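Right after this note come the structures.
Heads up, the next two complexes both have chain A, just with different partners, chain B and then chain C.
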Partner chain A sequence: MSFRAKLLALAVLIFAGLTINFSGPAFAGQEAFEKSGGPVDTWNRPIEKEFVVGKDIDPVHFVIGVAIAMVLLLVASNTFAKFVPVPLVRALTSVGLIVIVWEMVVYYKLVNQVLLPPPTTVIIKLQGHWAKGYLQIHILASLKRLFFAFFLAIATGVPLGFLIANFRKFSDYVDPLFNLMRVVPPPAWLPFAILWFGIGNPPSYFIIWLGAFFPILLNTISGIKDTQQIHIESIQTLGGSRMDVYARVMIPSAFPTIFTGIRIGFGIGWICLVTAELVAVDAGLGWMIEDARNLLDTPTVLGGMVVIMMFGIFFDTIFRAAEKEVVKWQ
Partner chain B sequence: MAMRGETDNSFGPGSHVVEIKDVKKSFYVYVDEGQTVLSEKRRWFSRKKPGELVAIKSFTLDVDHGEFVALLGPSGCGKSTLLRILAGFETPTSGFVTFKGNAINGPDPQRAMVFQSERAVFPWLTVEGNIGLGPKLQGMGKKARKEAVAKTIELVELKGFERAYPKTLSGGMLQRVAVARAIVNHPELLLMDEPFGALDAQTRNHLQDHVVKIWQSIEQTIIFVTHDIEEAVYLANKVVVFTARPGEIKEVVSINLPHPRDRTSEEFIGLRNHCTRLIRDKHPEG
Partner chain C sequence: MAALVAVMIVVTVLRASSQDLVGAKFYRVLMAWLIFFVFAEGTIYYGVFKSILLAPPTAVIHRAMFYLEKGYLQINIASTMFRFISGFFIALTLAAPLGLLFGVYDKAYEWIAPASNFLRMTPPPAILPFAIIVFGIGEAPAVFVITVGCFFPIFLATMRGVREVETIHKEVVQTMGGDQMDVLKHVILPSALPSVMTGVRIGFGIGWLVLVASEIVAADSGLGFMIQGGRMRLDTPTVFVGMATICILGLTMDMFLKQLEKYVTVRKKGGGEYIYY
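This part shows the complex of A and B:
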């Protein structure tokens, strides 16, 4: 099996696994909270309100540790330049500097620690959530929602884009409708999404689908329309039928453009996910942030944001790597 | 003229592979204050009037099996249009074109075409994939396909580049891939539309020798469009010289020099000069 095939198989397995196996109830969060016991609020959720700086991690040690790590990384990048990618080292250096300054301003009480929880507190909070299993539930709830809606967006966007690009009459009727829908930001659909689809997962599927669908659709249309006439004529002169023109010329030549649309769609879907989870559900990273906000649990809010960041970067990296592999011929 | 024999719609030994009879091709265009606009659409409220652009006025030619015909003429004389009609991409406005006795409708792998631009090679397939696509579409088995592809790759001297993607190849190599892709199906008729027009002189000479070699080895009919007089005289055994647009046959020059031809021989230069005069002068000698 070629590397590309392996990569594709792995991606399909992961995505399928996330969409099928981990599909728990929409209100998984509440169940977990009920099981955990301890002090609870009116919604039967445990209350946590400690914001102690350096309860487990000493801020001074933390800052020194980060500084040492940065120095080591810089030294490594100079000594083993072949193995350590320089842009990555530079990126990590600037992130490290921000983290150090951030920790220091809170440690020296230059800003209120509730308004800007320091990295150590965020780490402790996230650690605690992870240990109790909340964080995993929220992450999985979010991913499950995202992947389901994302695949729905691919499954609708690519075929529709193909039809719009190929059939003039169809496009004349359908394209304006999509253009009208496209200019409305997906969160603006939230009230109606809840009215139409009820409480739970479906409205957030709808919002994420809206966000991911349009980049995929538009890129598919432009990719298919950019198919070169000479390629179509080439396959015809080789004995290709109309179907061969579609499957062996249009789709492969448009694939890089379509894939870029998929990557952009995933990014926008991820943004819409957090927005959609602020209402109508009881689990997910967006919900976790919203809930922590209500309790003025700012370290959890920030922690949720950090997790979202991490996953966003992670998926973007995967998509970029896959893209490079897929468009090897370009 | 190359008119030989009577019109015979049944294809048998002795009849022609291609018969072109009184073909006229015109395009419907819009004319804007004396300027011709090649467009099928007419904007609202525009002053453009519908007009007709005659690419080929009247064209009659028969091509026999195993012939190497060069269509030679100034650019815009309709020679490419005629080739596209033979390939099945365009239909003549009037007159008829037959291939092995049957009217041409639509493209067919038996009439393979090599395009002018090397961009016609599919960039998402490797050299092997490009050449193997034709047999695949014909439903050839995997093993037979592999053999045919390997044989063709050897013929065009691309060995070692089987797995390469087109972006890594030079223009000359790409055109060889295009030729290989066309001949792997063993078409009865090979149509070539200025395939070496965009290449440098040295590569072009090299590829011309390739084409002669291929033509001699698989014995098929080739119709080759070019505006390069020397190329036409070097390759073909029948050079059809076009007039300027609207295209008509000015003269059919038979070239009976054996291959490989010597570009510096007296006969070659004589024929070349004859063709040059035909193209340049409105009234050739006599």
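This part shows the complex of A and C:
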């Protein structure tokens, strides 16, 4: 894939991301779900069940199963060292160890069950939420929100960074205002955003955009300013116009830096998403755990945290892999 | 507002009369600020925006003076700073020694690093509801979440710093007859320190962000609580006073950390040692 094709693919992705958010139902099965009579409001909380340690999963079996899985994993990583990534195996083993200790601490009643429910209860709870479609609704709400604001941040941050880096006059006028906005942490904008946009999606878009925008903007500026003068001059010597300098020298050479900005921006946007959802919306993973907190439904709180963490790891892995691909030629 | 417009006109005239007196950059930056203030003041005055949506700067200053007089602002700043500093220092005292320990021993590093890369991906605000269940509303959940937020950047940066110490430096000390403690004291600590400082600054940024988030959700005092309260009473000037205070405090502490970083990482001339010991 040539560089230009990659750039084009990225642009198409961004605009697809922006348009999908304004069209169609929240997820593929939503219409069918509505027709079947199940109400799709997020207040449709699953009915509370008394939770008892190991009601459906026997904690002893669970601990033994996790231990066996850990041993198998280690054996597999020793035998097929080429195919199994070692850091992943080690991370999974450490997490398995934590899970076992956690389960045993609760099993022997060393801590209050209401404050720290065991992994078995969390798994049962999550499975119940998934079966009712409750978890999917919140995951999709969060992801839609995150991606819309994130793509908006790319679509505004990269062009603005380009303008600021290239035009002195523009940057002198705009810089003070951006600096003013940058030094206030995004959550501090939250009450203000609620005043302006009300409860719902728009304030959370604003907060996530704010979190993701500045890393992207600053990295774009520094990437474009770091373009080597000799590259610009050589293309000018060969008779290139101003557009050629922008399109063929500046943007390609700044691209890896911009991509790093995008990755960092995504991480901060992810933090801001959860913050905004704790306060300002009525659906989403952050809302789910805050709501469960109000009901003292600790298994859902912990389950939601695990889901949020897994999505974080997933996206981080993807972005790191993509970054490696992008900066390969450097 | 008339004064601001007058300043704008005067500066423009001055610039028109002589380019040297008012530099181009200074002029543009000043104009950007003035235009911003005149915009904020004028739109409210002429009723373009409702006054609950945007507070005019004069009202914000007035409100800030009022709060300062009553001691309300000072109380909130004190509780915010107490929370932040205790969380930050707990994280620092845990993360730096642990990072040093796990960085020095290869086996420990190989097992701990992947797992902490996993755990790091939980956004700190997501821990907040759980922390509230465990600790209740007040100081404890906020301090806990700030600690978690600051811990991982400092921990990972320390580990990375210790891992990146050049082997040849360690070997030089060992050849000269130094034992394990000498290596730690004279090689590992000095060369890891800049990396630790980077971690401290990143941790500071994330901790400051998380602090405000946790005060909005889980506290009964502090600047975040003040902003949220102002929002609930549709008292926009208070919201802006809180935001400005957070901004000023954050900038001050960041400047302080930058100076500290410069001070810590500067090498002594010729000696090849660091200034700090």
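We adopt the following convention: the second predicted complex is superposed on the first by the 283 of 330 C-alpha atoms of A that agree within 3 Å, B and C clash if a C-alpha of one lies under 4 Å from a C-alpha of the other, contacts with A are read in each partner's own complex, and residues count from 1 in each chain.
Here is the rule we go by: a contact is a pair of C-beta atoms (placed from the backbone, for glycine too) under 8 Å apart; a residue touches a chain by one contact, two chains touch by 3 or more.
Note that this is a predicted model, so its numbers are computed, not measured.
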Fit-or-clash call for chain B and chain C when the two complexes are aligned on chain A: fit
A:159 touches, of chain B and chain C: first, second, both or neither? neither
Which superposed partner A:185 touches (first chain B, second chain C, both, neither): second
More chain A residues in contact [chain B versus chain C]: C
Chain B versus chain C as contact partner of A:94, first or second or both or neither: second
Which superposed partner A:133 touches (first chain B, second chain C, both, neither): neither
Chain B versus chain C as contact partner of A:65, first or second or both or neither: neither
First, second, both or neither for A:175, with chain B first and chain C second: second
Touching partner for A:198 - first (chain B), second (chain C), both, neither: neither
A:286 touches, of chain B and chain C: first, second, both or neither? second
CA minimum distance (chain B, chain C), superposed complexes, angstrom: 11
Footprint overlap on chain A, comparing chain B with chain C: none
Sites on chain A touched by chain B in the complex: 228, 230-231, 233-240, 244, 248-249, 252-253, 255, 328-330
List of chain C residues in touch with chain A within their complex: 24-25, 28-29, 31-33, 36, 52-53, 110-115, 117-119, 121-130, 132-134, 206, 208-210, 212-213, 216-217, 223-224, 227-228, 230-231, 234, 236, 239-240, 242-243, 246-247, 250-251
Chain B residues touching chain A - in the complex, by the definition given at the top: 87-89, 106-109, 111-113, 115, 117, 119-125, 133-134, 137-138, 165-167, 181-182, 185
In the complex, chain A residues that touch chain C: 87-88, 90-91, 93-95, 98, 115-116, 169, 172-177, 180, 183-192, 194-196, 268, 270-271, 273-275, 278-279, 285-286, 289-290, 292-293, 296, 298, 301-302, 304-305, 308-309, 312-313, 316
